[in-house]
Amino acid sequence: MLAINRLTKRFGANTAVSAASFSVDKPMMIGIIGRSGAGKSTLLRMLNRLTDASEGSVTFEGRDVLGLTGAARRGWQADCAMIFQQFNLVPRMDVVSNVLHGTLGRRSTLATFFNLYPQADIHRAIDILDRLGIAEQAPKRAEALSGGQQQRVAIARALMQDPKIILADEPIASLDPMNAQVVMQALRRIHEEDGRTVIANLHTLDTARRYCDRVIGMRDGRIVFDGTPELLTTDMAREIYGAGESFSEAATSTEIETLDRGQPETARHPRADEIQHPPVSA
Amino acid sequence: MAEISSHGAAGLDRTRAHYMALVQQRRLYGGITLAIFILLLVSGFWLADARNAGGFWSGLPQMFDFPADVVADTIPRLNLLPGYLVKYLPALLETVNIAAVSTLLGALAAMIFSLLATRGLARWPRLIPVFRRIMDIMRAVPEIVIALMLIFVLGGGPVPAMIAIAFHTAGALGKLFSEVAENADLKPVEGLASVGSTWSQRMWLGVLPQVAPNWLSYGLLRFEVNIRASAILGFVGAGGIGYELKNAMSWGQGKFDEAAAIFILLFLTIVAVDQLSSYARNKLTGPGAH
Amino acid sequence: QEITEFNIGILGGENAQDRLNNHECLKTYTEEALGVPVKLFAPADYNGVMQGLLGGTIDMAWLGASAYAGVYVQDPEAVEPVLVKINLDGSYGYHSIGFARKDSGITSLADMKGKTFGFGDPNSTSGYLIPSVEIPMAGEGITMESGDYFGEVKFTGGHEQTIVAVNNGDVDAGVTWADGQGAWEDGYNSGSLRKAVDAGLIDMNDLVEIWRSKPIPEGPIVLRKALPEEVKAKMTALIDGMHDADKECTYNISAGESLGFDPITHDAYLSIIEARKSQSN
Amino acid sequence: MELAARYAEADRIVGRKKLVAFAVPGLILLYFGYIFFAFDMPGLVERARPENAQILLRDTWSYKTHVTRDNRNGELSYAVEGERKGAYPEGQRPQWVSGEGEVAVIELGQGREVRFLPGNAVQFVIPGERTIEAWLEGRSVVTNLDAPYPDYVSVSGTRLQVTLPGARLTFTRSRSEVFRYFGGWELFFFTLDSPYHGQGLGRILFGAQIDPARGNIAGAWHDFWQNPMWMHAAVAWAMFETVLMAFLGTFGAALIALPVAFMAAKNFAPLRTVRFAFRRVFDFLRGVDGLIWTIVLSRAFGPGPLTGALAILFTDTGSFGKMFSEALENVDGKQIEGVASTGAARTHRYRFGVIPQVAPVLLSQVLYFLESNTRSATIIGAITGGGIGLLLTQAMITQKDWEEVTYYIVLIVLTVMLMDSLSGWLRRRLIKGE
Amino acid sequence: MLAINRLTKRFGANTAVSAASFSVDKPMMIGIIGRSGAGKSTLLRMLNRLTDASEGSVTFEGRDVLGLTGAARRGWQADCAMIFQQFNLVPRMDVVSNVLHGTLGRRSTLATFFNLYPQADIHRAIDILDRLGIAEQAPKRAEALSGGQQQRVAIARALMQDPKIILADEPIASLDPMNAQVVMQALRRIHEEDGRTVIANLHTLDTARRYCDRVIGMRDGRIVFDGTPELLTTDMAREIYGAGESFSEAATSTEIETLDRGQPETARHPRADEIQHPPVSA
């Protein structure tokens, strides 16, 4: 189905992803882990063609993904939805419109200018929102929603694309534990119910273990681990995170149970840098 | 306090010396800059005064002679004033129309130019410097130049003025628009890119909603400026209220009442648009907005 | 009573820089005669010089008759006329010429009913004042109100612009000045038509004359009244004697061949002043 | 809510956006339609003179050399642009003119040739066309042509004109004149009477002395700078005068507006009436445009750069007053309070609590105005009689020297762009870094 | 020394401070506590003459503080330095210049107007900065400093005034626990070493207890407690804070020891709203 072969991305002298190869033969949920700067985001962005690869190939059901240009490339992007850490919605637009943006890959520019969406699409957007439990937010502006709700809108937009693959780049890094759980569950359900492949960058081990069928570990742009979560030992994790003996898994956790240690419950969004850089040497 | 004090006596001396040197340098540079500036200003004033027909000091007491003449000529025929106001209303309308159309056209062009010239958004990133230079040039050419050239080709009337102002507006707004767009959040754009949208769709849905309030605010400001510009172009034969004002003013005594009427019309319009637009702009961008 | 500088204003008709250059010789002579620095000013329109004279910042200028009248009406004490240019035939007048494009079929004022008529500068004698007084007398029912007899009456800004506007068809007919001597196809001997022909701007074959005014007195050289008598006398003598002393300079400052300058008084312009008053509100 | 209701709601939202998406461009189009007729565009198309555009374009990059014979005395003269100051010195003529006495053979390129013949006759040889001949019979011009005439010929009883690409012949009873067009800005460096005309740069800099009276460089510089055709010195002065007006006007206005703006700012002028009065004064200064100020002030100060500078100063005092007072109203009170709590006097409170905060904003506004005023100064100069604006508008209105117009425009554009970069540089220097 | 008698401030119908009286006979360190809106800031601002009092009197060593005007009033302000929660420095000016502003109360001359201070003053400013441990920051712009450093610059400005009294309005509310401790210790030391009176509004009980010789509790504009920290029982605290049974002192604490519960140690500046409004009902 999806085959990635020696995919490489260089930024000047810096190699962000270096000869990454793996393949996916049947729909599954894959988690990519690795510490900050390991090249996770770059990998996903190359798959979606947001970033051009330096070398290597990506094949999906016979299509040479990296060779596509113009409309064909946009067609591929329509088939391969992407979810971002910062949601990347249009904040000043209402939720339905944001979901409808999922159809842009197939729609003409002129139709977009005049907001000509078929009624069927509009209703489908509502259905998807309903499925994700946020149908009542439909008329609100995206910026008025909480982080978790926004991420679900982003998932709705992805579903609206009716994609074969969903790529998610740290979908829960900006969310509080409660919302993180809701979002991860939504992704899992999409995989299970619709049979779509989901590839998610995750910054914590336990999330990957809990939701994914397969885990890929990256370090310094290289794939250093590829297997089922069971194979992911603490030693392996140390290897991936390049951590010393003092590595404690809990430190990378965002699960509610592990975090809830008498913190005031004001909805505090942890700053990205606090979470992305677990104090491995603490 | 020794335990807080981070460095010993030697360190303190170093800090002092270093800071004093800094202060000396700053005073020196500041003094030089100030001196140069004052020198330029004074010598510039002196030069301009010397090259002028009348001197500054001898002219000061006469400053109100002209307005006094206008008023003196207008007062006896005050009863004619309402008639003039009506008579010159169409000319005023033409001036405002010129400003409105050229602002619209210029803003449309500016939108496209600015997006093409903004880092991170440009359709063809390599061409950014090209579009920037084009905007620089469009901005640098005074309206009057284009208007006069077009009057030569197209004949007098509102159209040359309209094109001239629109041309300049495109460059001027293009720069401002692009500054706004530069600060736009790229996340929505990337989000849209990931679903396979075209460049125009990304701009329309991802950028425009973000920048619209500020763009609109700049557009309104430009409309104000353009009303003056279109009145001024009337002075060189591009029609509208400026043309009428110039003719009445140059005739002098005998037609100052008309000049006064036209002046009142133009002034009120400028002030009204100014107030309306600053009100609307405050609404649009809100406190603390760009 | 002393003066510290002497400012000369120059009216339009040519490139500003050409005007200044043509008057360079006058500047030199004046500096010699008065012993003070002399500055030349060439504002864009008649009004610029008139304001200068009224405000006392310009000491001498060669005005058109109407512009002189305008200054006089606003402030009779501002300036006094001293000299006037004499044509080669000894007269000191010229004409306002109405003209149109040949292919428009217009040959007289009668054909102009409902058409667009172009004036020059509002302060121009031949480009506005005289035609606006005399044209209504040329035929029944002719007035100078826009939309009355003519479809529209507008100011083009100056003689040059009028010629271009008529030639381009922006206006159907216009008025400009010419000495009325010599041949039409040359644009007469002197005047703005001739200048346009010389510049290659127009082909006189394309144009026809549709109206001609009575002779208009040439505009005076004026001096600011408040100047010391001695200065006035010196300047008058200087320019009066210019034709004998320096033909080249005379040619330059009078924009063509002439017999030099002769004294003139205010009375020569009484009728123009009346005409100007009649055109005021 | 029912799902059906949600559908309806979503339909309504998208429908409303659709309506707006159609309505806004629709209204704009409608307005354009109105303007189309209000501005008489159809008539404009009729009146437009594309050939004028051609003249303009051609003239911007080319010049013409006139060969003129006075038909009364048979005297021949040669001059660039037909101007005295572009005339060939006595005894010299262009290489493409030959012939003796009253006869002149003028080559016009592409095999075309005009011959001035004795007895006030002319011949125009055009390869592949009939040779045009014309002569004077008494007071009228007679030609060998029959109607209908080719479209490049205009004939009347008194005048013949032949207009070809790159060349023109005019024949009337008073004179015969040929224009030949060449590319470039001729005489830009030296006029024909200068000994340095036609000499290369290397020759002037390093060659033997050309004019025995003067050193090469000094002489060449003098002849170039005082070039009577292009008048570089005068143009440079005019350009400088324009920048001077902008500079004096802008900074003068800023210096006046700064203290006065305090009186119009809510947080510094507690008296409503005072504030109101100052604001109206600013509105008035701004509302009366700079151009009108020019006219008003020219009575008191006469023509010249000072009047222009004062006109800019008046308008900008209004603009700055308004903008400065708005900036002052947005100041952060904490800093002022911090200074106030030490017991600082009022002036010091403003100096240290307010000025450092608003300085970057104000400076950036002032510098922005400096650039845009350079452009306004061209226009104001056109009226008040100073600066490059006067040269430019006059050259355009008299419509003959388009190459000079181009020269002025290029200078203005370069200067404005220079001021733009200068103000940008200053902004970066003074505001971002200290 | 300092006597405050029935000091009252009304804002329209609202009485911010109501007949507050207390006196100070010898240099001491006083903490004023009370919940938000209790009138703490208003009280201090009246003492410094930043706000005019509605009623009452303030006497300092025989001076009738409230009656002073013009230069006399500025002289009093010079004697009575003020430190603010938001530091209230001039951010674009360098640190030393900010400290030198402390001399403006006595030397508002033309020279100072042009930023020309005597060299002796500059040296003293650097000495004071050194005493507070931030001499090496001297040439930097104030805005380039961290919060704790900025507050120390503010203290330096206050010391530059050579004041008899230092008023501090929630000097540590915008600071993280680490910096809060440094700033409070600096204030304490100034009191101890220089013998200046320090009056500080504090939002947490434990800070007041730890650093102050005397605590004044305010509630609704009234002084409801005035005594040594030892007298401040939990019941009394409940009274001051108007809290219910569930009031837990720890919740208002910013001390490092109480907060450090396995949190990542990245210097996190607590958001102001989290700290200023302790969840009293939690």
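Observations on the structure shown:
For reference, chains read A, B, C, D and E in written order, and residue numbers begin at 1 within each chain.
We adopt the following convention: a contact is a pair of C-beta atoms (placed from the backbone, for glycine too) under 8 Å apart; a residue touches a chain by one contact, two chains touch by 3 or more.
From a predicted model like this one, the values you see are computed outputs, not experimental measurements.
Fewest steps needed to get from subunit C to subunit E, stepping only to touching chains, is 2.
Using the contact threshold fixed earlier, the set of chains in contact with both subunit C and subunit D is B. Chain nearest the geometric middle of the protein is B, using mean C-alpha positions.
Fitting subunit A to subunit E on CA positions gives a rotation angle of 175°, reported to the nearest 5.
Averaged Cα coordinates give subunit B a centre that lies 38 Å from the centre of subunit C. As a whole-number value, the distance joining the C-alpha centres of subunit B and subunit E reads 47 Å.
Distance from the subunit D centre to the subunit E centre is 63 Å, each centre being the mean of its Cα atoms.
One finds 18 Å separating the Cα centroids of subunit B and subunit D. Not a single residue in subunit E touches at least two other chains. Listed for subunit D are residues 47, 49, 52, 295, 299-304, 382-383, 393, 397, 399, each touching two or more other chains.
Residue positions of subunit B with contacts to 2 or more other chains are 51-54, 59, 62, 65-66, 69, 152, 155, 157, 236, 249.
Interface residues of subunit A, counted against subunit B in their complex, comprise 48, 50, 73-78, 81-82, 84, 86-93, 101-107, 109, 112-113, 154, 157, 161. Against subunit A, the residues of subunit B that register as touching in their complex are 185, 187-188, 190-198, 200-201, 204-206, 209-210. Contact residues on subunit B toward subunit C in their complex (touch as defined above): 51-54, 59, 62, 65-66, 69, 77, 80, 152, 155-157, 236-237, 243, 247, 249-255, 257-258. Contact residues of subunit B toward subunit D in the complex are 37, 40-41, 44-45, 47-49, 51-56, 59-60, 62-63, 65-67, 69, 94, 97, 100-101, 104, 136-137, 139-145, 148-149, 152-155, 157-159, 162, 228, 231-232, 235-236, 242, 245, 249, 263, 266-267, 270-271, 274, 287.
Interface residues of subunit B facing subunit E in the complex, by the touch rule stated above, are 1, 4-7, 11-12, 15-16, 18-20, 22-23, 27, 30.
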